[in-house]
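One chain, subunit A, appears in both complexes that follow, with subunit B as partner in the first and subunit C in the second.
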Partner chain A sequence: MDTFLAALFSGTSRGAIYALVALGLVIVWRGAGVVNFAQMGQAMFSTYIASTLIQNGNSYWVGFFVALFAGAALGALLDVLVMRPLSNKKKTELLSSESMRAAIPVIASLGILGVLQALAGIIWAAEERGFPAPAAQEGFTVAGSVMPFTSFDVFVISIVLITLTMTTIFFKKTGVGLAMRATALNQEVARLSGIRTNFTRTLSWAISGAASSLAGLLITPTSNLSPNTLDLVLIIGFTAAVVGGLDSPAGAVLGGFIVGLVISFVTFYLSPEDVFISILAVLLIVLIVKPRGILGGKDSRRV
Partner chain B sequence: MLKIENLTTSFGSVIALDGVSMTAQESKITTVIGANGAGKSTLLRTISGLESPSAGSITWDGRSIVGLKPEDIVRAGIAHVPEGHAVISELSVEENINMGSLFRRRSHKSDVAASLDEMYQLFPRLQERRKQLAGTLSGGERQMLAISRALVSRPKLLLLDEPSLGLAPLVVEQIIDCVNTLCRSTGLTVLLVEQNANTALGVADHGVLLALGKVVADRPAAELKADSSLRAAYLGY
Partner chain C sequence: MERIHVVSSAAKNPSIIRRSFRRTIFFIIAILAIGSTFEPYNQAQLAVVLIYFIGVLSVTILTGISGQISLGQGALMAVGGYTTALLMTNYSISLWIAVPASIVGAGIAGALLGIAAARLSGPYLAGTTLVIALAIPTIANRFMSVFKGDEGLPVDVGYPPSWFTSLFGEPTYEEWQLYVVLPFAAIALFFASNLLLSRTGRMWKSIRDHETAAALAGVNYSRQKIYVFIIASIFAGLAGALYGLRGLVGPSVYPVALSLTLLTAAVLGGIRSIFGAFIGTVIVVFLPDWIDLVLDNFELSEQVSNFMPALISSLLLILTVVINPAGVAGGHHHKHK
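Let's turn to the complex of A and B:
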């Protein structure tokens, strides 16, 4: 029973973080048509900024909020400086096939990832460092026995749930949210409706940047920080997004929790070495049964 | 008034519009008719900024709009309802309508709410279905929705691309009647592209006949409708 609870709690807490990563990927995929492989590179970069601020005597929360802001700013900057010029039709006429045009931004995102990791190595040195948690990482003690659940887990789950709720309200209830959904679904109709799609696209990069920075801040206390630590998180988050449905923000969140729980139960009941094979199995089963993910749409788009 | 001079638009080596000159008079319905591939849709898409012309000019209210982005052309008072009942299926009916007035939300808050109600009065069926996804609507309802989405931007010029496409004759009549009433009662200028020449000429004041990207006739609609030789040569009936 104890093992079961421990697996459940740690899986939920990890799953919450993967849900954030997957959500970030889905927002940029839907909003800008790009699978952004640089996402966790951006998160790594802003987590380093937080780490530096905290090491220089600022409070955790200063580092936390500056990192979120830096993540958003970096996302927006990448869209304006790299992605927007690349999607300019006139300039990419040389590579005029539709599939090439879709591939270019993805390859560019891999390039950005490399640049960010190299820059982080140069600025902060490539060795691992710790990153603080804002809450205790020891299990609660109830009636003399230590529970498999820490205050940090509570912090992670609640902050992720708050973020997910806020994101949902933003997309469903605000005008800007509607503009972003419209741009993601049908750019031509959105433009004819007067929506400035360049702006909404940049905004998706910014929101995704902030979400993945939050994921970075929440995962590094348990995994340490180095230029490459978050690579694995991206792969797991990407799997989560595909499992849930790359088109669906709700699916991304669901996928995140599923993958988090699978990892945790496999780690506790089998062995940590079996984690990847089991994620792969989940991915394969979902792709065979529902090729567009659990909550993915019916009609195929772009794929 | 919309004034188009020598407009040329091409896709690679294919010339879709070849030196088109025409005007759309204020508060009148002008229809552009012609066979499939005559360049009718390209004409509307070039006016609304979705395609950029290689030559020629488009003047709206005395200023050139060539080179403006679609989102700025809407702000200048030109709303385009593209071919194929262009609504966003995954959004609700109400969201589709509201999308068209998003850019006016800050400056004209009360008017935005009023314009939504106006659309529901114009098309009561849409109000019944306002929470439904647009993808669940019938073809006719979708066309009404696409027109509503355009009208809430408070345009002075409405570009309508084949509103009759794929609709039952009764529904076509209803939609055309509605556009006619709007034009006559509110002074809206309409540029109506149609393959269904008879219906279009029946309601329009002026008609322009396009063939292979060129204007072959530009006359009052009634005159064009009566010209059986033009009809036989270019429209095939």
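Let's turn to the complex of A and C:
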């Protein structure tokens, strides 16, 4: 029973973070039609900025908010410098087919990931460093026994829930959010209706950058920080997004919790070595049974 | 089945075979001529170029020709490497039989992967193959008794047979590495060249350009995508087997970065051409040496110089994609439109 509770709690807390990562992926996929494989590279970069600020004597919260802002700025910058020129490029023969138009941004994002990781190595050296948590990481004591649930877990889950609520309100209730949903639905029509689609694209990169930076800040206290530590988080976040449906923000959150719980139960009941195989299994099962994800839309093909 | 088809369609058109054959002969002569002038270190590097070249050809066929992106070719290389290493260490089979046999193992893995992948496209395929690239090497630690975990299975190219030494004299170990790899690279080149020029190659390009249009023209694209995966896996498996023969087959030899290196080489050189695949491979393999040559003139800390090759090659990748996505060898493609 203790193992079960421990797996459940740690899965929920981790799942909340994976939900954020998946949400970041979904926002850029809807807003710009790109799966951003550099996302956790951006998060790694802004977490390093926070870490440097905190090591130089600033408070945790200064580092925290600077990192969120840096994540958003970096996301917007990458869109303007790399992805926008790519999507506005004249159609050459190479880019005329649908399959290559989908493949080229993926390759570009891998290039961005490489650049960010190399830069982080050059600036901050490659060895792992710790990252502080704003709340205690010891379990609560209830009736004399230590529970597998820490105040840091409470912090993580509540801050993720607040972020998710705010994102939902932003997309549903504000004019900009409406414009972004319209762009995601049909870019041509959105542009014809007077929406500045370049702006909404860049905005989705910025929001996604901030969300993934938040994920980076929340996950590094338990996993340490190095240029490559967040690669695995991206893989897990991608799986979460596909499980829930790449088109659906609500699906991303659902997928995050599902994948978090699967990983946690596999780690506690089998062994940590089986985590990747189980992620692969979950991914393949979803892709075979419901290729568009649990909450994803319908697939359609146009001639 | 598909390979028979490839051969037969090329056989109808002898000029295709002749063209591929001329390319291959030229390739062999050029490599031997250049290799004989190199120092042992650069001969070993040239052997790595030939090995990567075979792997990059698998990306060219898969992504450049049929439009499917894979970030998991390194995992298929691992399958080829482990097949060869297990045959050589457990059954003491000669590498000249074990390496071709690894093709079978990689082909079967490619077929399984292809059946799953034929339903996916674009980013879904990229992400799934990335998860595969991560998950497959962990199997080595799951079945310790067979795959020996992180320690891996040591294998190498051994020594040349006596008829070779009596004919050509005693080669250095690096030279022998090069001579072992060259015939496989030449066969891979010949096969890839035939494939690209043949009817099958054109069919795969039609799938890349428009699946639905290809289907309307009578191409069963789901089945063809699986065939593409099998062929590409065979190339990757062959490359992986030869890569392992440099000394060790283990999880650390086939990291995710290997898959990304292959993709980088293919894109830099030109994702649609065999010549581009070779140029890109040369760039990727020799870039760290060239950078070292330049950096020697500056006083840089190890921290900076260690990450320079990764930084430069990633920057080159972004610049290629944004400025000239057709790559070094692909400039002429623009003229068509």
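Descriptive notes on the structure:
Assume the second predicted complex is superposed on the first by the 292 of 303 C-alpha atoms of A that agree within 3 Å, B and C clash if a C-alpha of one lies under 4 Å from a C-alpha of the other, contacts with A are read in each partner's own complex, and residues count from 1 in each chain.
By our rule, a residue touches a chain if its C-beta (ideal position, glycine included) is under 8 Å from a C-beta of that chain, and two chains touch if they have at least 3 such contacts.
On a predicted model such as this, the values are computed, not experimentally measured, just so you know.
By the touch criterion defined above, A:L270 lies against neither subunit B nor subunit C after alignment on the C-alpha atoms of chain A. When the shared chain is aligned, subunit C comes close enough to touch A:I288, but subunit B does not. Within the superposed three-chain model, A:N186 lies in touch with subunit B and out of touch with subunit C [touch as defined at top]. Set against each other, subunit B and subunit C differ in how many residues of subunit A they touch, and the higher count belongs to C. Of the two partner chains placed by superposition, only subunit B is touched by A:G194; subunit C is not.
In the overlay built on the shared chain, the residue A:A135 is in contact with neither subunit B nor subunit C.
When the shared chain is aligned, no partner comes close enough to touch A:L161: not subunit B, not subunit C. When the shared chain is aligned, subunit B comes close enough to touch A:L178, but subunit C does not.
Overlap of the subunit B and subunit C interfaces on subunit A comprises no residues.
Subunit A makes touch with subunit C in their complex at residues 29, 34-35, 37, 82, 85-86, 89, 91-100, 102-104, 106-108, 110-115, 117-119, 121-122, 125-126, 231-232, 235, 238-239, 242, 246, 273-274, 276-277, 279-280, 283-284, 287-288, 291, 301-303.
Taken together, the subunit B residues at the contact with subunit A in this complex read 48, 50, 69-71, 74-75, 79-80, 82, 86-88, 90-91, 95, 98-100, 102-105, 149-150, 153.
On the subunit C side of its complex with subunit A, the touching residues are 63, 67-69, 71, 116, 119-124, 126-128, 130-132, 134-135, 138-139, 141-142, 208-213, 216, 256, 260, 263-264, 267, 271-272, 303-304, 306-308, 310-311, 313-315, 317-318, 321-322, 325-326, 330, 333-334, 336-337.
Within the complex, the subunit A residues that touch subunit B are 175, 178-179, 181-182, 185-186, 188-197, 297.
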